[in-house]
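After this come two complexes, each holding chain A, first together with chain B and then together with chain C.
== the complex of A and B ==
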């Protein structure tokens, strides 16, 4: 949950990119990192296996305005998407302030998207987090590829609650900041 | 940050940043913590055991599974912020929380960032009328440890209308985003029939093998060496499958075997039996 660092006069918020394996979570984070002011960003750190198969997480603080003299620092994390890394996914969700679910629009990944969404809800519930209070947005990524589902189908499968959702081509930056902006705004509001 | 007289210090074994810890928040078995400075996960033991923390503790179950984790630094820009104990630690230590009241205008100012502009505002455009903070955070103290005693929120916060309230460890009240009706999604996701869950989990675990190793997969198919080439992947996937759905259900059904045959073996009966693949 959000925390204040009085020494540096910062409010720290944690946003986690969640979703199926190879769906574009890291691409989102890399795009953000490449476009923000270098003076306001921290190091991007990835912990990868020897085979570079799975990112453990990335870490990216981004300053974003200030509230009464307190800067808001967003810490952006990805989780490893491959299903059998659930332990680390769960660990990274601890203390989350906002979640961006990156769905892979390709038809062959539909089942993986749904499983990842179930997994997200299960892991949040295991911490006793109140799902109604966690800012949440969905990005339907890879809209540039062939054999993708329609946004309507994806929405039906993944977004029954009607949370903010966006189309994305993360590798080109499309939808990346729109999604982040939506969740960031909700996170700031929940600091209430 | 509130330093109590009984606080003790733990030091990240990787970067040696020290953090003050309230012992009342560390259970007898200790907790895992993530160092916000270097992101190392390490064990925090109760005070009486602190002297015995080994220098190189296995980080966590994930690290144990992937013992050759590497740290890659991709940006030379250092964070300007003071190190902090990250939220994982904070939660483990007692659900400390922070509450800040902002108005919609402040939130709307976030519209200013986008693909080309993600700037830092040095001063608020529209100062909020009231800011309330409730904190109970133990913050790190850098290399020496001397700064910790000096970091006191009451002393360092000089904004006249910032009110540092007493410690509160209860859950925050529901926020405006409850309007998102996420409860509807919660009703649909996260609660499912154990058998449906097992079947889907098995299929996605197996599907991941192909997704993450397409070249290796095609080569293994052409050589007729699927079992051998994917032995490790199958083992890891089975362990996760068993952990998530429970041993009894995993061992008594053929869902995992079916998924292997249907997806990995492309419909051939390469794997037989029930439960754990042979």
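== the complex of A and C ==
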């Protein structure tokens, strides 16, 4: 999965934001883009509809610089959450090194979250990937809104395996870097 | 690997010849730049001079474009898509399927008049497709040799990487 190119001494890791439509995946990436030192990041690409729904993906490359002689780079992708864009979601998952599942904490989105989680497992399975071995974290987003489920309830619904999970308010940047750091560190650990 | 803090040096011949084949193809076909990327959108070899082109953006968009067109193709043509070309006023851009789910993206700086002059340009003058056989063969050889990573980078490497992650992904939470 992670590409280590020994000859050119480059390492490329792919982290994918997954989750239900309007859950806040693009918002997470926009926050990262706005706060990471411009020296360290490339251009953010968003293939989106006029109403800002992700159509194909958002993409942001981030350079970690040279680590022990290896130029190390993270490729951050979001998938489109809308149910009918599954072909794109599946394609983006190819070769994934780490996954951040962005859940929408609002009670009325509970079913949509569960459906998105099932969809993630299905798509990974179709590639023969195993979520138990892929670095994985969950962000319960939109904690600023009313009518949200408790973290305990969300955990019960979405995180039976007890992977690292975080509360988020992505529009204010809360939990954004915390979640990204957690998954990124798990990813680099898989390379040693 | 053991935790000596050193990282392995070389991956061997097939990888090198894949890179060479990409560089040679870029040169022979007269392209400005070429990128070979795999089916996850990651670049495995490059050639030419990107100039002010941002390689990662270029590759991720090529990846999206080819993937979308390929998914569309069976419905539109009943066949498989192996080439995709886009011609603009000042440049031309050709995507070719390569063995093992890879794609070679070649970008040409063709002057507008060259588009109508079939005598110009090498084997890939406008109107014909670049010859990517060498890259295809090299990719096949690499797959046969087994391209899986054999050694890790060591705990010192990942510890340093974690430090960089803390530094770059700081930001208030």
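We adopt the following convention: the second predicted complex is superposed on the first by the 178 of 192 C-alpha atoms of A that agree within 3 Å, B and C clash if a C-alpha of one lies under 4 Å from a C-alpha of the other, contacts with A are read in each partner's own complex, and residues count from 1 in each chain.
Just so it is clear, a contact is a pair of C-beta atoms (placed from the backbone, for glycine too) under 8 Å apart; a residue touches a chain by one contact, two chains touch by 3 or more.
All of these numbers come straight from a predicted model, not from anything done at the bench.
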Side-by-side fit of chain B and chain C on chain A, or clash: clash
Which of chain B and chain C A:22 touches, first, second, both or neither: first
Greater chain A contact set [chain C / chain B]: B
Touched partner set for A:173, first chain B, second chain C, both or neither: both
First, second, both or neither for A:155, with chain B first and chain C second: neither
Chain B versus chain C as contact partner of A:69, first or second or both or neither: both
Which of chain B and chain C A:189 touches, first, second, both or neither: both
Touching partner for A:82 - first (chain B), second (chain C), both, neither: first
Touched partner set for A:95, first chain B, second chain C, both or neither: both
Which of chain B and chain C A:112 touches, first, second, both or neither: first
Overlap of chain C and chain B interfaces on chain A (superposed complexes): 1-8, 11-12, 14, 32, 35-37, 40, 42-43, 45, 47, 56-57, 59, 61-62, 64-65, 67-70, 73, 75, 87, 91, 94-96, 173, 176-177, 181, 184-185, 188-189, 191-192
Residue ranges of chain A in contact with chain B within the complex: 1-8, 10-12, 14, 21-22, 32-33, 35-50, 53-54, 56-57, 59, 61-71, 73, 75, 82-88, 91, 94-96, 109, 111-112, 114-115, 117-118, 120-122, 124-125, 130-136, 159-163, 173, 176-177, 181, 184-186, 188-192
Parts of chain C lying in touch with chain A, wherever the complex brings them together: 5, 7-11, 15-16, 19, 38-44, 54, 56-57, 60-61, 64, 67-68, 71, 149, 152-158, 160-162, 164-166, 168-173
Partner chain C, residues of chain A touching it in the complex: 1-8, 11-12, 14, 31-32, 35-37, 40, 42-43, 45, 47, 56-57, 59, 61-62, 64-65, 67-70, 72-73, 75, 87, 91, 94-96, 173-178, 180-181, 184-185, 188-189, 191-192
For the chain B and chain A complex, residues of the former touching the latter: 1, 32, 39, 41, 60-62, 65-66, 68-82, 84, 86-88, 90-92, 95-102, 104, 106-116, 118-124, 127-128, 131, 133, 135, 137, 139, 147, 151, 153, 156-157, 159, 161-162, 171-172, 174-178, 180-186, 188-190, 192, 197, 200-201, 203-205, 207-208, 211-212, 236-237, 239-240, 243-244
